[in-house]
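There are two complexes below, and they share chain A, which is joined by chain B in the first and by chain C in the second.
== the complex of A and B ==
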């Protein structure tokens, strides 16, 4: 017992000594003592030496109140010589903060005078890091996942090896300069200005919102991105968009390291509000500037070259359309091929699609770009000017050239851009579907395209013979069951029930009872069951599609189901032809007068 | 040695070991108690507070030409420049701590009407003491520094 007590008391004593040492003997005390000693030897008069002798180690701090929330910077506790010009040759932490004319410091009568005095600005206003920390680990932000370590000075251990070296250097401090110096083109922050330019030039603004700069909601809001993520995360997200989110459809922009650096610095400087202006001021100012810039750009583009085709070509390459789309050999692997877009689509369609993609393809993810009308005309003109149909040797070659990008190499509807298309491309290997539809329907889909979807009309590229060959190839290669004779069904050509408010009301009640599980309460094809169903239920408010389909086809799909999909034959579940007629009137009424 | 002798000896050894362990434990526990008592006493006084630091720079001496009397409301000092030199006089009223204003004759407190002359001596009102003068030093970078933790005698100007 006594032995146990003795051991326990040894442990208690050791713990007490360790805690005592940890709490009362600090590294900063040693730094300060060293500073006082060295400064005393350099003192020029007795008063100064006496003053230094009087000062003992203590926590030094700068409290800055003029930039919003008051900020406590204790950095000078260790870096006690920052403002003592005699210590320029010393090592950290006893080193004078460098003087620099680029920061606005002035030499007056042989003595440097700082533009940004430490007593007014503190340290973290420029450097980031944690001002209250008294240990290097905390104050410099070596802490593994903290998003704001000392800018350009500290890299975390867990940061990606490929980016670590690129994230060092004083350039990164422009992030904090830009918190006050918000004027565009400020000479001290070239990377921020360039990053802002790239944000527009590379069409980032098409998907991302930054308050006062852009309004898109397709990608994450970047207004406060600088507060939330580290430099490494930003760099990685630009360099390899899927590194953190496997389902991200952000394209790889293949920028140079220097461009990425500017963008990272610009993004890191987005912190919601800055120190000098209120958020509302900034918002108003930017909105006005943005408008002028757009108009000016459009005018300049027209004045520069008469030829809209050349202007369009330049705009399409400048605005990084190929970050998503394919054009000749450049492929963004997100959106459809533009190489024959001018050939397959009409002038009107292209214009409407530029102005707002969702007016022609209801569920398109393409952002609405707010460019000048003349820019859209030039881009349309350029696409229209590409009228040369590509030469293909046989059906297999034309499948690879025109179809595989969406429908996939093996025809399974899983081409490289399949994820980004809504409705998804048809799975051509699904024999039950392929064998339940008349050949004429497939021909029509190829010849005239499918309205309201990304399937374009190919009639100007493929002639009748080529379409027949292509279908033969598809059936022979992908559909592994022989085609059967289609059963004759007696379905009226037109809706047997007259359109009218009563019929629509009856149709609506049937719809709410039977159809919302998959097609959704809003009839947008996003009902609660829809995520589990492949292919996804049809969006019944896709007016271009619904208005292009005959009554007969809709009646057949509802009454007898769609083989190879989750749509059941409703005639087996108690719906009569007249019930389906009401339903049809309801669906038509949703899309009436909408184009 | 007899068997009994051996037993006695081992008993003696046992008791001296017991005594040693007793004293060791007592000493260590007492030491731990002492250390914690000292730590607790030291922790009574905060090492840093969130008030403005007592040493702060106010700028170059050249920024204060002769005749200047500038009140710094955040730091609560008035910087005075006379022919004789510079001085930093507190502008915190010695009565209840209001910030006194600089008036033609010296300082006047808006709260209870205390009045001070140009050197900070009480000339009226409830203030019990004169306004203290703080020590001024010249930092190595050429800035003037006020140290509010050291008061100096009235009328000692800092020569420039």
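== the complex of A and C ==
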């Protein structure tokens, strides 16, 4: 035991020696000693020599308090010669910070004078990195966890190999210039300006919010993105949106490296508050964001000179519509096929949908783009000009061509873009539903589409015979139960209860009692039970849909339920035809504009 | 008594001053006689917790493995390093992380201090748990030591909570999300769950209020409680007759008192045994040795070993410090501290049963063990054959928990999906 005790004691002693050695013989001390030795030999006058003799190794720091939160930069502890012009030819860390006119430095009588004095600005305000550290690894931000590594010449050791090479270079310094030089056309920050342009040109603003620039909430808020993520992370996320977040549905935009670089620099410069904006500036920007500048200025003028169809084609490809939509062979795999959109949809519908998609499809996730009206007209003109219906050999082929993108290869309502559609495409394999509705209803849905949803009217593409064949194919292939005879029910064609405030009030109280669990208090189909229900409860405020449906169909759905869904037959729960009539009036009262 | 009456010269007083001061502090000279050894243990404030004589069985390293002592020394290391860290810490969301950077970069010995505190904390959780296993497998909780087992379980819980509250203080991503996950587990409790969570966090999510609460708990409340319960724990060890040992009739050795001249041989019974077994003056139980020096050497040995281990670990591995808190960007997966990963793993199967039901049952069962297992026998022996059933059950409990923690730590990836760490 004595031996073990002795060994343990020696270990304790040795560790203490190591710790104390570390504590009292820093690397920065060696740098400073070297600096003072050389500086003393180069001292030109007595005062300077005296000054240098007086100084000894110590932790040097710059505390910057004039730009918001105070900031502590101890970089000059190692980089002690940054402001000493005699060290221009030395190696780091004992090197003079370069003087340059592009930084605003001025030469006065042969001596450089700095525009941005280090005593005023510190270091990290331009360079990023971690000002408090004294070890190279940590203060340069090589540490994997530090979100703001030195910009410019140092990159993470452990960065992704694919992006390492692309992230070198002083261009990234513009990120920090833009913290103070916020004016859009500032000559020193061309990448930031270009990135800002791309943010609008590539429709990023359609999904993402940046305070003062855009207001969309579909994607993550990018207001403080530059503070939170490294250059590499941003690059990676634009390059392959699912690289960092497996559930992301952001489209791949296939931009060039140069474009991504500008965009990354712009994004990295968004850090919420910057050094020049006051709270009042921010507030003003927030107020003005609604009447945003015309993003694609100049295109409108072009449209007059050029053929609108050609302009529309150019706009659609330039503005990355195919990042989500499919057009001919390009497919973003998020949104519906545009190849024959002009053929199936009317001119008005397209225009309305461009201006605000939610006026025609209530729960669409498509962003509202703030483009010029004439741009929308050109794009509509282009889509309308594509009048050629694709030739399909048989019903199976037309199913694959027109239906499978939403309803899925196997008809289970699980096509590739199904996740992004609301309401979701019908599951055609569900026999209980398919066999409970009359054939005519399916035909109508195909022929005229389903209003307020992504199901378009196919009458201009498919003739009656083709629709019949298609339905036959669907029933034969997907519905694996023979069709039964439908039970005749005596349901009035029109609502038996007259519309009026009293009836609506009675309907509302029934609604609150019976329906909110699934359809929600707001009748938007998002009640507390809705996440567990497939298909999701209907949004009863989807006016286009509700207004397009007859009284008879709604009465039947409520009274006798919808087979194959969670909607129960309310007649079994004691609702009379009049109660349902009141309900119907209540639902109608939520949706205006029915002829 | 003759000297007292003789007045001294002032020079004599000054010459004797150091000696007098020394003697006034330490009543006994370094003991060389048996009487001296007894008296030293009995009269010294720091030593009087020890008995004058201890049983040889207690000193067997293979019996206790020194786990209780290691826990104590880790606690003392934590207190010491914690107090030094306190000088640099500010419990504010705006400053806490910067203070961590200062500790790592600029403060003298900051990195080592933080590392020691961090690794000692992890070590203490593990060692306290192992200590509990030791006590169970040696049957040391049996009558009359039932209550001390209960105190021990309370100390385990306090240790866990102390470590948990400390986890938040660096205010980095690791801290923030670990505590968020931990607090969510608390919210699964029925009826009072969300209230408990609110009480703990002072808010609906982890923020400034939570930081302040955890800080106060971590630096004031929990250390005080642990100190109190440790005192009770040690007091009970003495009062319950020392550490548990096998029932063996110890022979009583007669040590005749010599009344004339020189030191009486043998111990002074009353000094040796405050409660039991009562020993006649002049008789000493066999198989015991003087605490001074045998017990003290063993304790110092464990102390030096513990310090050496913690120091070596602290200069080899840096305590983690991740990104500054980013409320909008949880890591995937967000994991609780490792000792709660068994819970989190169970929560992934059933929120209520994994997070609240089973842990509560486990703690209740742990507390009840000495009252459920009333059969005497097997005390003081590792894995006694008489206790086969009890040991098997407890071993199952330990192994299941360790396996759950290992799965939660190494085999869970993004979205809590099973991944292979290799």
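As a working rule, the second predicted complex is superposed on the first by the 494 of 595 C-alpha atoms of A that agree within 3 Å, B and C clash if a C-alpha of one lies under 4 Å from a C-alpha of the other, contacts with A are read in each partner's own complex, and residues count from 1 in each chain.
Here is the rule we use: a contact is a pair of C-beta atoms (placed from the backbone, for glycine too) under 8 Å apart; a residue touches a chain by one contact, two chains touch by 3 or more.
Note that the structure is predicted; figures quoted are calculated from it, not measured.
Q: Output check: A:146 vs chain B and chain C. Expected answer is one of first, second, both, neither. What do you get?
A: It touches chain C, and chain B stays clear.
Q: Could you tell me if A:74 is touching chain B, chain C, both of them or neither one (first, second, both, neither)?
A: Both chain B and chain C are touched by A:74.
Q: Classify the contacts of A:86 with the two partner chains as first (chain B alone), second (chain C alone), both, or neither.
A: Only chain B is touched by A:86; chain C is not.
Q: For A:23, using the defined touch cut-off, is the partner it touches chain B, chain C, both, or neither? Pick first, second, both or neither.
A: both
Q: Could you say whether A:135 touches chain B, chain C, both of them, or neither, answering first, second, both or neither?
A: In the superposition, A:135 touches chain C alone.
Q: Figure out whether A:228 sits in contact with chain B (first) or chain C (second), or with both, or with neither.
A: second
Q: Both chain B and chain C contact which residues of chain A?
A: Residues 5, 8-9, 12, 15-16, 19, 23, 59, 72, 74 of chain A touch both chain B and chain C.
Q: Give the list of chain A residues in touch with chain B in this complex.
A: Of all residues in chain A, those touching chain B are 2-3, 5-6, 8-10, 12-13, 15-17, 19-20, 23-24, 39, 47-48, 51, 58-63, 65, 70, 72, 74, 83-86, 111-113, 117, 119.
Q: Would you tell me which residues of chain C are touching chain A in their complex?
A: 94, 98, 101-102, 104-106, 108-109, 112, 172-173, 297, 300-301, 304-305, 307-308, 311-312, 315, 321-324, 326, 328-329, 414-415
Q: In the complex formed with chain C, which residues of chain A make contact?
A: Touching chain C from chain A are residues 1, 4-5, 8-9, 11-12, 15-16, 18-19, 23, 59, 69, 72, 74, 130, 132-135, 138-139, 145-147, 220-221, 228, 246.
Q: Could you pull out which chain B residues touch chain A in their complex?
A: Residues 18, 21-22, 24-25, 28-29, 31-32, 35-36, 38-39, 42, 47-48, 50-53, 55-57, 60, 74, 137-143.
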